[in-house]
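Before anything else, here is the set of structures, which you'll find just below.
Next, two complexes with chain A in common: one pairs it with chain B, the other with chain C.
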Partner chain A sequence: MAEERRFRSASGVPITLRRRQHSASCRELAVRGPRLQLRSLSAATSAVWLAAYGLFALSENSMVLSAAIFITLIGLMIYLHFVKIDQESLLVIGSLGIQVTSSYASGKESTVFIEMGQVKDVVINEAIHMQKVIYYLCILLQDPEDPQGISEVVPLFQSSKPRLDCLIEVYKSCQEILEQRKTAPQSNEIK
Partner chain B sequence: ENSPAPLPERAIYGFALFLGSWFGFILYLIWAYIPETWLFSLGLTYWPQKYWAVALPVYLLVAVGIGYILLFGMNMMSTAPLNSTDTITDNFAKKQQQKKFQEEAIPALRDIPISEVNRMFFLPEKGLCQSR
Partner chain C sequence: MVLKVFFPSCCSSADSGILIGRWIAEQNSAVILAVVHFPFIPVQVKQYLGEVQRVTKVSVSVLGSWSNSKQEKEESLSEFLEDLGTIFCHEPWIQISKEGDSKFWSCSTLQKHSKNPQEEEIILVYYDQRKVMLSHLHPPLDTAGQRTGDASKLSAIFDTVARSQVLFMTDRYDEGPVKLTHWQSDGVEASIIVELLKQASVPACMLLTLLLSLVSGICRSRVLKFWPLSFLWSKLSTCEQLGHRLQHLQVISSNKKAQNQNQLMRKANIFVSLLIDVALGMLLMSWLYRKNRIGHLADTLIPAADHVAEELQDLLQWLMGAPAGLKMNRALDQVLGRFFLYHIHLWISYIHLLSPFIEMILWYVGLSACLGLTVALCILSDIIALLTFHIYCFYVYGARLYCLKIYGLSSLWRLFRGKKWNVLRQRVDSCSYDLDQLFIGTLLFTILLFLLPTTALYYLVFTLLRLLVVIVQGLIHLLVDLIDSLPLYSLILRLCRSYRLAAGVKFRVLEQQDGKPLRLLMQINPLSYGGVVQTYRLPTYSCYPRDSWASLCKKLFLGELIYPWKHKGDKQN
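And now, the complex of A and B:
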């Protein structure tokens, strides 16, 4: 079963949260940001080409125009492949682990898997980020020596930065699955 | 003993500094404005170059302007990044003592772990704090 809701990101752009329940202990939460808009692409391309034409008018060197075309093309490819993240998803499988996937606009996907033994908790933390205080969801990793300690913090949804209402939905879904591992017997420890 | 109240010694120090700074300022103006030939004719020949009469104030003002930007930048650099454990806890919170809970007494002050705080804020349980 899947459901989709609209929210806003920290900077105000509309994002959607899609929640799918694959089984009783497996849930997938995907935050999808807006696609690359035609108007911003045209604005950036026109700005670069106008600047190049201005340079050409000053310097009478036609290499400036070809260089501008190359820069625009290569810049667009780099942006789509390395910078523009379309969808970030969180797959929580109780007793197995958590998988975080980022899908870029060019189709590339990068995934990180954290096994459940290392996960201490999934919490909503507040921190200072670029002159603002933002809420962000993060996975706390267990410290092997100290049962109360936290060895690492893995922030989630870094590029779409949902607001608190969306984060609360994701938090509640994750906690429902994480609570099951406290009540389930410790039968699957492989040492 | 260490009060900031006015004392006679402090009045004297203040007045001496006031006279000294006025003297320094008049000396600076004399050195900057009076032509070198007049100073030579008086016998005072060993002065720094007049270039410095303009250069030093300019250096000072540019340093003040850069200081603003530097302070802002250092502030941003020393803010903990989003993936550091400094946003969750620190040494004092890790080593705090757990006092025993006593009935009818105000609970001791302590750092509450973030998991507990989150559960209290974001997982509403059917309890006493239903405000709707």
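And now, the complex of A and C:
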């Protein structure tokens, strides 16, 4: 079952949260940011080409125009493949682990899978970002030597930066599944 | 607790039979390796599994039953399969059944001694057996030393499949007591070229080892150890590079098989790096020897050296005048200027003496480019060092003079204030000087102080020239190190067979149906290119920078000689 809700990001941009429950111990939460707009793309391209045409008029060198076209194409490809993140999703599979995926505008997906044995907890933290204080969701990883210690903090949803109301929804969904593993291991230890 | 079943995707269309694999009790997961088909004799199956267990050290056992019925579910078959559970007695007994072409399988467990009567949830994870078997899991770099058994459950699964290779050697056409289905059951694949290469590599390695022992014997002979020659070898970077490559060749041609993945990758990387190096060197050589380019190069070399010498002479004339409007001490200026001008004159005479032989020397030296592009670049760097030797000499003279002056000034300044440097205690102590000591000291101090700008200017100019040459040489060495240390084989492997280098796994949720177990597809998440380079970088023989920026500036200020590039074999002073 899937449901979608609209929220806002920390900078005011509208984002959507999509929740899917695949089974009792498997949930997928995806935050989707706004897509690349045609008007901003055309504005950037026209600005670069006007500047190039101005330089051409001054210097009478046609290399400037070809260089501008080259720069626009390469810049666009780099932006779509490495910078613009369309969707960030969290797949929580109880007893296997948590998978964090970022999908870029060009279709590339970068995935990180964290095993359940390494996950200590999922919490909402505060951080100072530029001139604001924002909330962010993060996964705390267990330190193998020290049972009370934390070895690493993995922040989630870094490019879409949802606000607290969206984060609370995600937090509640994650905690429901994480709680299951606290009750389960007792049955394993008895054996 | 949740039961995880790892099912190979190649067995999805197999006929009914029993499942064999490994049961990992701590993780409550079953890794299925193959399906054994009817008809079979249980005793023979147990015998076969015992043999496999002995060879692979993996606890393979019968885990459950698999039924693939083309029509409706048959009651008699399901009862038969349940009875098999009593023969092979595994706890829990997993039963997977597929009806017709349906994607959604039903999976249930039979627990005889179960403590919790409730149904446990089952997760079905499909994995590509061939890719998981060939892949090598790389742990995250920061926790490399702290892997407990609990920390990486996935490595247990990868390990199980990788070590059970002997199980995958029997295919369905073999006449054995058990008929298996796994990724290779349609026929074991092999390549003639690979087999031929393996056969040919043994004598080739032996020949190479013989040649290398000859060459290293010659290198280590006493003839080459006499003082002027050994000093020369240590200063030339070409010899270092050749020694480094010799070491690499020794690693490749050794008879011992590689013990683990890292050693294998290292050997392969060295081999590919050498191959590419020699190929690029041959390309350079073919370009150089065409159209008499060596002749052109030799023709332009002498005029270039002349040009550099003329520029230096102009520079010295400028310094002897009033450089940048500063007023220098006339006498010292003239002395230093004439001294350096005479040196340049000597240098130009030597170069002109050599000029008839330059083309021949270059021709023979250019032949050594066939040993590799790195050797050619090292030779270029050495030629630059030899041609700018006079700049190095000037730098040393200027630095020594300046250094002497600075030490003299600091010591006389202490005398001026009535203090002395106590060498025993390594500190400054007060001291009472006689009147004549003070008089001479103050006189010398003023002389040195007023001569300081002249010396400092010469020092500055020659240090800048020296730094320029050092930067050019440094760039060439950077390129050589890049070619030396780049793991090309690993990068090509990451490009073409990315599943071999795994950073982890990723799961994809497949279509679900209510009441059926959760279906996931496990795929291999390849290591990033940066991670590949970091893990498999070949070690080089030089490490820089030797000094931090702060100590470099201090040395420049005090006039101490700087040697920016350090080699690993050098003793620390």
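By definition in this document, the second predicted complex is superposed on the first by the 185 of 191 C-alpha atoms of A that agree within 3 Å, B and C clash if a C-alpha of one lies under 4 Å from a C-alpha of the other, contacts with A are read in each partner's own complex, and residues count from 1 in each chain.
Operating definition for what follows: a residue touches a chain if its C-beta (ideal position, glycine included) is under 8 Å from a C-beta of that chain, and two chains touch if they have at least 3 such contacts.
Quick caveat, the model's predicted, so the values are computed rather than measured.
J.: Report clash or fit for the pair chain B and chain C bound to chain A in the combined superposed model.
T.: Partners fit side by side after overlay.
J.: Is A:Ser25 contacted by the first partner chain B, the second partner chain C, both or neither?
T.: The second partner, chain C, only.
J.: Calculate the angle at chain A, using C-alpha centres, between the directions toward chain B and chain C; round to the nearest 10 degrees.
T.: It works out to roughly 80 degrees.
J.: Looking at A:Val123, would you say it contacts chain B, chain C, both, or neither? Reply first, second, both or neither.
T.: A:Val123 contacts chain B only, not chain C.
J.: Which holds for A:Gly94: it touches chain B only (first), chain C only (second), both, or neither?
T.: Touch status of A:Gly94: second partner only.
J.: With the two complexes superposed on chain A, say which partner A:Lys172 touches: chain B (first), chain C (second), both, or neither.
T.: first
J.: Measuring by CA atoms in the overlay, how small does the chain B-chain C distance get, in Å?
T.: Minimum C-alpha separation, chain B to chain C: 13 Å.
J.: On chain A, which stretch or stretches are contacted by chain B in one complex as well as by chain C in the other?
T.: 151-152
J.: Show which residues of chain C lie in contact with chain A when the two form their complex.
T.: 1-2, 4, 25-26, 28, 115-116, 121, 123, 125, 142-143, 146, 148, 150-154, 504-507, 509, 512, 517-518, 520, 525
J.: What residues on chain B touch chain A, complex-wise?
T.: Residues of chain B touching chain A: 76, 79-80, 82-85, 87-89, 94, 113-115, 118-119, 121-123.
J.: What does chain A use to touch chain C in their complex?
T.: It comes out as residues 22-26, 28, 91, 93-96, 99, 101, 111-113, 115, 117-118, 144-145, 151-152, 184-185, 187-188, 190-191.
J.: Quick one: in the complex, what on chain A touches chain B?
T.: Counting only chain A, the residues touching chain B are 120-121, 123-125, 127-130, 136, 138, 140, 148-155, 158, 168, 171-172, 175.
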